[in-house]
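Quick one: the structure is below, questions incoming.
Chain IDs A, B and C follow the sequence of writing; residue 1 opens each chain.
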Amino acid sequence: MLRSATTWILVGQRLGIALITLLIVSFAVFFATELLPGDVAEILLGQAATPEAVAGLRTAMGLDEPAIWRFLSWLGGLATGDLGMSYVNKMAVADLLSGRLMNTLRLAGIVTLVCVPVALALGIAAAMWRGSWLDRLVSVLTISVISVPEFMVATLAVLVFAVWLDWLPALSFGVDVDSLGDMLRAYAMPVISLSFVVSAQMIRMTRAAVIETINTPYVEMALLKGASRTRMVLRHALPNALGPIANAVALSLSYLVGGVIIVETVFNYPGVAKLMVDAVSTRDLPLIQSCAMIFCISYLALITLADMIAILSNPRLRR
Amino acid sequence: MSLALRLPTPARLGYSFNWAGRIGLAVILFWAAIAIIGPWIAPYPPGDMVDFDYFGPMSSQFWMGSDYLGRDILSRIIMGTRYTTGIALAAVILACAGGVLLGMIAAVVGGWFDTLLSRFLDAFNGIPHLLFGLVVVAAVGSSIPILIVTLAAMYLPGSYRFARALAVNVNTMDFVTVARARGEGFGHIILREIFPNILGPVLADLGLRFVFIVLVLSGLSFLGLGVQPPNADWGALVRENIEGLSLGAPAVIFPSIAIASLTISVNMFIDNLPTRIRDRSE
Amino acid sequence: MDQPLVSVRDLKIGAKTDSGREVEIIKGVSFDIAPGEIVALIGESGSGKTTIALSLMGHARPGCAIHGGTIRVGRHEVTAMSERQRAAMRGTELSYVPQSAAAAFNPAKRIMDQVVEITAIHKLMPREQAEAKARALFRALALPDPDTIGHRYPHQVSGGQLQRLSAAMALIGDPALVIFDEPTTALDVTTQIEVLRAFRSVMDKGAMAGVYVSHDLAVVAQIADRIVVLKNGMVQEEGATEQILHAPKHPYTRQLLDAFEPVPHVPLDRPQAPEPILTVQDLCAGYGVMRDGVPAAKILHDVSFRLERGRNLGVIGESGSGKSTLARAIAGILPAYRGNLLLDGKELAPLLQQRSKDELRRVQIVFQLADTALNPAQSIETILARPLAFYHGMTGAARKARVIELLDMVRLPGHLRHRLPSELSGGQKQRVNLARALAAEPELILCDEITSALDTVVAAAILDLLKELQRDLNLSYMFISHDLSTVEAICDEVLVMLKGRVVEALPAARMSTDAAHPYSRLLIGSIPQLDTGWLKGLEQDPALIAQFAGR
């Protein structure tokens, strides 16, 4: 398939917009964590600190320099992997994050692998047989999951699988993981909870995107050519729903971010999100900055990727 | 004479309103009433330890059991209603009022103003909501006014985008062009020509955003970053009593049910709004 | 006697309204189609013609359902078949040419894949053979580049070509019956001719029967053997084309035909005013980013004309000719970047913000689609009261009385003022649209295709109203239209526009005889006539069509 020059211009534009967005977001994070809270040196030394001590620390930390300069050097640090030192346990933030990041990525990866195929299949099926019992069941279930907070899905999962059925341990990461069975059991609860939250969104948006394309004259035309319902949906509606579906998937995967924060807290899972929630309670600002940036970057990457797929799947831009 | 005795039911006013919508509305009105008259109907002072047992079961004395300190859950849920609905309502009104106004202005003014504002708010929306809440709370602490402003700031860009898209559509309609050709000013075009035509969808959107805000607020409180003790909204009640989860205590179940009942019924009401009866044959 | 190919008996189709009430939209329709015969279903919007045509394929749009009667196509009892059986019949026994081919082609797939899809669905022939057959059909339909056009995507070919390609798509399965659903309505007249010609030639060659759905009697006269006249879901009259055209029996048919009769316009006999109401000199306008005072997309090029007070000027041209842009430039909605506008001899600023309230009041613009020109959230009273308050400062009882008076002027009852626009019919909405312009007490009204979206009978009534108002109020109209008979009926002078330029200005009454410019002649010659032999007898220079018809 040939792409015209406009396609690549559009793709370039999306990348540019993503970069600008990233800049604005990082400024917002920097602003919120460095400028809003007041004097970091005072926070660090506590109320009992002498003015001389505070002044000394300020100079040592470079807090006397103008905000814009601090922002730029902070950005430079981020780009080169220097994430600063944690206030609380005086360790490099990068070291604190490295292991945790893998844990969170593993959780998110498993959830994505489980959710995307299941949600796409259910969403497309619900749209294809719109109004059937399957569609109604799926609609009621998804709207119920979407209407309740993430922590409730997680607590409900604990209630059902751990308390009533006693199949799985309630809090997974107190125990050591020795065998594959243990690992499966350990991951089961967080994965189940998170999958519910993420796939409910994905199913709804996929269904809506497919239904929108089914209601077009060219799909009616396929019907009038004698095409079966399956052919109508799979051959005519789906290729045109690709862009919207990619968007739906990306937007719902972004619920991973919100979901992961809650789920890691509920299950005491040693990931980045748990680290961040703990950092918030101890006001460990460098750690919060880095965690926030990690989440924002992953969110932006997903959205931009979806936009790209939407652009590349648009037949009007084909030569 | 019998005419005067007829109640103005939806059907008589020319509206059809199905049962799902009616149930949703009833639950919404129920919680609104609880929020208003709460202090007078709570059986116990919400802060007092009244049960000797903690995580007590449901009983005739404590209808919804007691919490981890032996406080009456029913009274605490009744008091929590005010925090949850009040904060969410204030935040959603702030977010939608700001978003809709900016959205309409951007749609009518167009040009670089529109491009710049849209880009900026889109970028702002690129921060996941719960994350934004965490960062703000970490930076400035948590109090009710801060929660309201933070939640409103989270949902303003979405409301802006929604209203702007609607207003851009209306703005291209010929009746707006006619008004402009007549020589009407900016205010008339926005308030008289555009606003009435986006009001319906905007109200429905306000309802959905209310649900999202209730969820995020509960999430924040659940993480201990929302409403601070000794006060508690529904999310904070779940957090306080999460230890009782493995016991299956009613103290953790009932606040969850309260949240779900409110959010699900708002969704139900919005999906089944009364529709004006209009027949093509008329 | 021959067994008819299609017989429809007492067909009833119901639809669910928004409030869930069932209404019958097709109320017991019966007709037959003989093998090889082309039958036209003709009627105005809401007559149920498309619904009937789709029901022949066993298809009802969402919300509609066949309630009674029988449909037999060939040996199939359509009304008694399962959905699977119907699917097997669609495309091979009978096929469908849609109103808007642009919407009916899947944008994500190449044209060839869609044209031969019927042969793949029904396993009629191998792909190679199907493509060869498609290319032969492209050739028969006079499509350019018949060997390669199939490799393109739908957005890469023009509207007229897509419409012919959709006919190829319908014919590939050798159906016994082809249903044409208003296939030329969305096309310009010069394009319509080519498409009609192509349809005719393939239908003449094969022994296929056809159903041709249309609202345009003149188009139908060129292609149909028999005509069924429909109104409100009932058959009004049915007969051979010649009989319907020349000896209609039903009063409704006569009304339809009367609307076609050219009503020669009699100019008002008034003393000539010293200054023309509107003078336009070398007007240039366009859209897009301004660079060096010139917009990126230039639409109008040096348009000049004069409109005398109390006279009417028609502006004709096809889509993209810039005729609507001209009205917008005069109204100041799209400011002209060069040239002069004089209202009653006085300079008019290009931008409406720079014009005085009184200047704005004297020139009013009325748009084509009353649906979008009236604010759906305001009552008729609010809509009409606004210009009264804005221009004349009227309030209270005086304003209310004036609203009723205005409604009366456009022949609407006063109690309609409490309604919302959505509660009025199309013709009523267009009258309110006009009344709003009258509320300003203008001297010049710019009418942008105001009768184009209306059914012929309703449109004729609006034209009568315009003439009446002109007599009473001493108005001048600038009347923009693609429909020449409308312009002929109301205008004194006519401007023919092509690609943003005026190619010719001539008196409306002698349009067909005096036109000198080749494009004007092509345009005027392309208007279908109520004569079954018109298309056959029409001789047009193919080079001329290629030059001007653009697409």
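The definition used in the following text is that contacts are C-beta pairs under 8 Å (C-beta built on N, C-alpha and C of every residue); 3 or more make two chains touch, one makes a residue touch a chain.
Bear in mind that the values here come from a model prediction, so they are computed numbers and not experimental data.
Engineer: For the pairs B-C and A-B, output the one whose chains share more C-beta pairs in contact.
Structural biologist: If we tally the contacting C-beta pairs, A-B comes out ahead.
Engineer: With centres defined as the mean of C-alpha atoms, identify the chain lying farthest from subunit C.
Structural biologist: Of all chains, A has its centre farthest from that of subunit C.
Engineer: Report, in whole Å, the distance between the mean C-alpha point of subunit A and the mean C-alpha point of subunit C.
Structural biologist: 50
Engineer: In whole angstrom, how far does the Cα centroid of subunit B sit from the Cα centroid of subunit C?
Structural biologist: 47
Engineer: Using mean C-alpha positions as chain centres, tell me how far subunit A is from subunit B in Å, no decimals.
Structural biologist: Here the centre of subunit B sits 23 Å away from the centre of subunit A.
Engineer: List the residues on subunit C that touch subunit A in their complex, please.
Structural biologist: Counting only subunit C, the residues touching subunit A are 54, 57, 59, 84, 87-92, 95-96, 98, 100, 103-109, 117-118, 121-122, 153, 155, 169.
Engineer: Show me the residue ranges of subunit A that touch subunit C in the complex, using the header's touch definition.
Structural biologist: These residues of subunit A touch subunit C: 216-228, 231, 236, 239-240, 313, 315-316, 318.
Engineer: Hey, which residues of subunit C end up touching subunit B in the complex?
Structural biologist: 15, 17-21, 23, 331-333, 352, 355, 357, 360, 364-365, 367-369, 372-378, 386-387, 390-391, 422-423, 436, 440
Engineer: Give the list of subunit B residues in touch with subunit A in this complex.
Structural biologist: Per the touch definition, subunit B meets subunit A at residues 119-120, 122-124, 126-131, 134-140, 211, 215-216, 218-219, 222-225, 235, 238, 242, 245-246, 248, 252-253, 256, 259-260, 263-264, 267.
Engineer: Within the complex, which stretch of subunit A touches subunit B?
Structural biologist: That would be residues 17, 20-22, 24-25, 28-29, 32-33, 36-37, 143-144, 146-152, 155-156, 158-159, 162-164, 170, 254, 257-258, 261-262, 265-266, 276-277, 279-281, 283, 285, 288, 292, 295-296, 299-300, 303 of subunit A.
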